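Just below sit the structures, each encoded as structure tokens.
Each of the two complexes below includes chain A, the first together with chain B, the second together with chain C.
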Partner chain A sequence: MDFQIALILGQDGITNGAIYALLALALVLVFAVTRVIFIPQGEFVAYGALTLAMIGNNVFPATAWLLLGAGVAVAALDGLGALRAGQARKLPRVLAVNVGYPLAVIALLRLLPLAELGLAVQILLAMLVVVPLGPMMYRIVYQPIAEATVLVLLIVSVASHVAMVGLGLLFFGAEGYRTPPLSDARFDLGSLSISGQTIWVVAASIVLIVALALFFGRTIYGKALRATAINRNGARLMGIPPALAGKLTFLLAALIGVLSGVLISPITTIYYDSGFLIGLKGFVAAIIGGLASYPLAAFGAVLVGLLESFSSFWASAYKEVLVFTLIIPVLVWRSLTSHHVEEEE
Partner chain B sequence: MKTALSPRLVLAAFVALLLVAPLVLPAFYITLLNYIGLYAMVALGLVLLTGVGGLTSFGQGAFVGLGAYTTALLTTSAELPGWLGWAGGSPWLALLVGLVFTCVVAFLIGKLTLRLSGHYLPLATIAWGLSLYFLFGTMAFLGGHTGLTGIPPISVFGYELRQGEEVYYLIWLFVLAGVLTTSNLLDSREGRAIRALKGGMVMAEAMGVDTARSRMVIFILAALLACASGWLYAHMQRFVNPTPFGLHIGIEYLFMAVVGGAAHVWGALVGAGVITVLKQWLQDLLPKLFGTSGNFEVIFFGVLMVLVLHKARGGLWPILVSGFKRFIPVAAQRRAVDRDAVALPRRELPAAGSVLLEAKAVTRRFGGLLANNNMSLEVRAGEILALIGPNGAGKSTMFNQVSGVDTPTSGEVLFLGESVVGKGSRTIARMGMSRTFQHVRLLPTMSVLENVAIGAHMRGSSGVLSAAWRMERSEEARLLAEAARQIERVGLGEHMFDEAGSLALGQQRILEIARALASDPCLLLLDEPAAGLRYKEKEALGDLLRKLRAEGMGVLLVEHDMDFVMGLVDRVVVMEFGEKIAEGLPEDVQRDPAVLAAYLGGED
Partner chain C sequence: MATNNRADRPVLKVEGLCVSYGKVEALTDASITVGEGQIVTVIGPNGAGKTTMLSAIMGLLPSRGRIEFDSVAMVAPEVETMVASGMNLVPEKRELFGEMSVEDNLVLGAFQRYRMGLRDHAQTMEEIFTLFPRLRERRTQMAGTLSGGERQMLAVGRALMAKPKLLMLDEPSLGLAPLITREIFRIVTQLRSRGVSILLVEQNARAALQVADYAYVLETGGVAMEGPASELAGDRRVIDAYLGVGGKHQEMLAT
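Our next item is the complex of A and B:
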């Protein structure tokens, strides 16, 4: 390996690492607020990328039907709840938000000349379709068992992941897609050629991380989420509904997932089941941060990205093995450094 | 009223059905039953791991692969390295090698990951499940993605099991052996230690259970069951490739355990059956329905799982059992206590008046908070010492320091003249200190008898294998007899076979005392034993403690009920804000101005 190749691999590693960092942040956030280990995070990456690809190919994205289905389910749950509580006047709003919105999105997708829209509008459309699936998923899958153990929540996560992969195959088929890069520019820095896409990815990640930091530091909703992460019961007593915190968190996680999908799909071909491995790499990073520290998780993500790109050069057959085996020394280090007394229930 | 069937008869009927099945069913169903058996073995391991032990693995598929690939390699490879030459060619020797190999691998993986708290372990299993799967596919000598072919059939006494219905009997023999071994194990001293894992490490360790070992035991057992399933699979299929050992299958195994009923050994069979049959059916139906081919059944399974966990977290088995019992009553299995069992040997109690426990200048800081500051106290044999103080005074923290749950920042704790700082509660429990908990830590679904028997854990010694094959029944009888004695001693005799969770809170506290006594301690630490007791019950508790004192036991008591404390104890230590503010005879302490100020608010 010469310096030239090392630079290229390093660039690849950092690009992917930036995306893993975003996913790791989302995973840490979801776990901290809801105690859910969000395995389906990767599916939002794939759904986002593939929905964009469908729109780009002038095909109606079938994820919109999932949006409608999920919306109907949420409307049924919330509507029944409202009726039981004798609050029938809430019904119109429940229906408008959960059924009206998906219908509007479907109408939009049917009416607009999808392929002729600019990339930015296409990305926006993809987000309109996929991002609301996050909070809807929380409402349907997690909210009814929000008080269950981490283990039960994890098994539910895995079940949702499996179902979403199956649906992904149904929606998008077995074929993989790439979306057009956000920029075709290339910049030459000495012997190194940096692609515009790389700059987009790294810049978007940094912007998103800063935006999240501002959200959590400066806004009332961000602070409410932080409060819930520190102490759920305490936050509830202060008037922060856990269900709201959960939905908001899942909204952010879905948003981050879709954006990651948009950023990664010009670099890597995305298949209906690609999300899982991408999400898991975010997990390795999140675990490096102990599922608690954002900066450590981001650092871990870059480490994972670099390890992945360099191992694909040296031992490409063992690329995945090496990345996932990295988790073992990390876990050992974690287990040796953390000593905790069991908390009273 | 119909007469109740005995559980044995139900089991015998089930075995009889299994025996005749190949004679009446067409080959297709036999193949299906073969797969159900193979999957059930893996799911059984997960029942032990997840439902009973509270651990989870998504990576069991990889252990199945270890078993399958080991035997495939050993029975087909023409050139084995010299040191393995003896194992070549014979499936049975390959099974042995596979089990040993799996044991080693599981031990290493377990060493690395089992220490981790709850959610890290399943994540780690995803990681190694993926890694092993990728390794199966990339290693040239394992045939890459095409795999290995030409695996010979298993032969039993020279008879080759080539047909589905021939290997069927072997598979179901393995399944039944697995079920029997597992349920034997769970109904034993080791089994109670395993079931105690779910009640939290602190309680189990305080009863002398080596929780790290118990976790390792079930992890390895689950891996071995998976390995044996893989061995059978390889010789049934006669070829192996990496696909059936991937993570998605590992997830499916977990689904089987959860859907079937993860807390019951038979749940594994139900789950494996339901998922396998459904899969078969959906794989036919869904592609026709959707017009394209693909594994769409996973959508259905995912939704099914979520529904099961929302609506019936116990799985299908408990529902089936209660449905079955409605039509055909089955007698409940009740543990018999053998009153004639030889009593367990007892510890020699130190002479009355000798110092049992001595805490010297114990300080515990949590960051900036001084929970215990320069605390000293002494408990002697044959005395009851009360540790009192307002809420938040640091009494429970002090308990944790002396019982080894926590380690003091500075200071010294001597038990029987030996320093126990940093020793861990298990070691201290072995030395003769036992305790109860302020927030009751029982296993609510286990009987009172079994809960108390956990206390006697360290007075037995039989291991996993003897428990699995029922060679420890005389020791088991002695342990249960001891537990029964302690239950009667504290006055819970009529509740011996009730579920511990069905008792009133006050009775649960008394149960904890019986559990502590079952370990034959010389020092008893009681954390608010009288809370929630009625007047008569308090009187009985007081009498019991007096009797224990007369026998020479030392008791350290944290209590808020002053009437109860003052009429009972020999000396009192009063804490406030982590420090000792008074010590002495009950009547002196009651008049101490500092104590009055602490409880009633002082004059400034």
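Our next item is the complex of A and C:
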């Protein structure tokens, strides 16, 4: 291995690492606020990428039907709840948000000449379809059991993941897709050639991380999410509803997932089940951050990306094994350095 | 049992409140009233159900009975609706956001108002800083690094950010040095003059009876005695059970 190969591998590693960093941040965020280990995070990557691929191929994305179905389910749950509480005046809003919105998106997808739109518009459409699935999923799956133990929530996450992979096969078929790169430019720095896509990925990740930091540091809703993560009871007493915090968190997680999918799909072919492995690598990074530290998780993500690309050069058959083996020393190190804290009742 | 607190305009009226943890009944048929601008205290020994009562009124615990707040009957109260309608609880454990700054803690106290479109938290925060100058000095410090007294001040200040009609304080003197306790009670009286009604749960019965207008004695899950605070402070049974002898120094601290 010479210096040039190392540079190429390093570039690959950092590109993937930037995407894993986004996913790791989403996983840390979801766990901190809702105590859910969000295994379906990766499915949002695949759904985002494949929905974009469908739109690019001028095919109506079947995920829009899922959006409608989930919307109807949420409307039924929220509507019945409002009726039982004697708040029938809330019904029109519940219906407009949960059923009206998906119908509008479906109409938009039917009417627009999908393949002729610019890539940016196509990405926007894919986001309009997939991102709302995040909060809807929280409402249907997690909100009714929000007080359950971490283990129960984890098992429910596994179930949601399996269901979403199955639906993915139904929606997109077994074929894999690649979407066009966001930029075809190439920059030559001496012997190193950097693709425009790499710059896009790294820049978009940095912008998103900074935007998240500003959201959590400056806005009252961001502070409310942090407060919920720090002290659930205290947040409730301030009138911050746990359900609102949960939905907001899942909205951010879905947004991050879809953007990661858009960023990664020009680099790797995405299949209906590719999301799991990508999400799991984000999870390894999140574990390095102890599911609590954002900077450590981001650092871990770059480490995972680099380890992956270098091990694919030396021992490509073992590349996944090597990445996931990283968890063992990390867990040993964490269990030696951190004190066990009893979970608050 | 109906309550005899004849307040002109009751802010809070609780009748026949029952709370049970599984099969164990922690609160049986408790009735209390807090009038507008009144300080009402609930005293009683450990395990009498004082905290349970506050949690049930706030909607943190499911309960049976009638809760009327600001002349509106609250059916199955939810914490958010109670906060939105002007009730606020400072719990025994304070429940501060330890890894956030004093200022952020205060801002979040106004979250419900902000959500309802009332964006006056900057001005309210100035008022809180006037009430607790110490918090202004500590505004950028993490809440977790504050001393016990400062934490209690922050907890009260955070609750006041919501501009509540009724402030419920659970053991505000718990774990505080006598001088700090005195400071807290001084502020409680000051709040009343601003028109905030206060429901005060205390183990420090002497101090509580000093500042309160009306008092309830809670024993084993039920209201055992009630009356104007000054009368109860002179009642033989209350003196024997809660005030005792040798409590003279506390009396001096509470003035």
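Please note the rule applied: the second predicted complex is superposed on the first by the 342 of 345 C-alpha atoms of A that agree within 3 Å, B and C clash if a C-alpha of one lies under 4 Å from a C-alpha of the other, contacts with A are read in each partner's own complex, and residues count from 1 in each chain.
By definition in this document, contacts are C-beta pairs under 8 Å (C-beta built on N, C-alpha and C of every residue); 3 or more make two chains touch, one makes a residue touch a chain.
Please read all numbers here as calculations on a predicted model, not as lab measurements.
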First, second, both or neither for A:Leu169, with chain B first and chain C second: first
Broader residue contact with chain A after superposition on the shared chain, chain B or chain C: B
Chain C-facing residues of chain A, complex: 85-86, 220, 223-224, 226-227, 230-231, 233-241
Chain A-touching residues of chain B, taken from the complex the two chains share: 50, 54, 56, 58, 112-113, 115-120, 122-124, 126-128, 130-131, 134-135, 138, 200-202, 248, 251, 254-255, 258, 290, 292, 294-303, 305-306, 309-310, 313, 400, 405-406, 438-439
In the complex, chain C residues that touch chain A: 58, 60, 75-76, 79-80, 83-84, 88-89, 91, 93-100, 104, 107-109, 111-112, 114-115, 158-159, 162
Chain A to chain B touching residues, read off their complex: 37, 141, 144-145, 148-152, 154-156, 158-167, 169-170, 173-174, 280, 283-284, 287, 291, 317-318, 320-321, 324-325, 327-328, 331-332, 334-335, 338, 340-342, 344-345
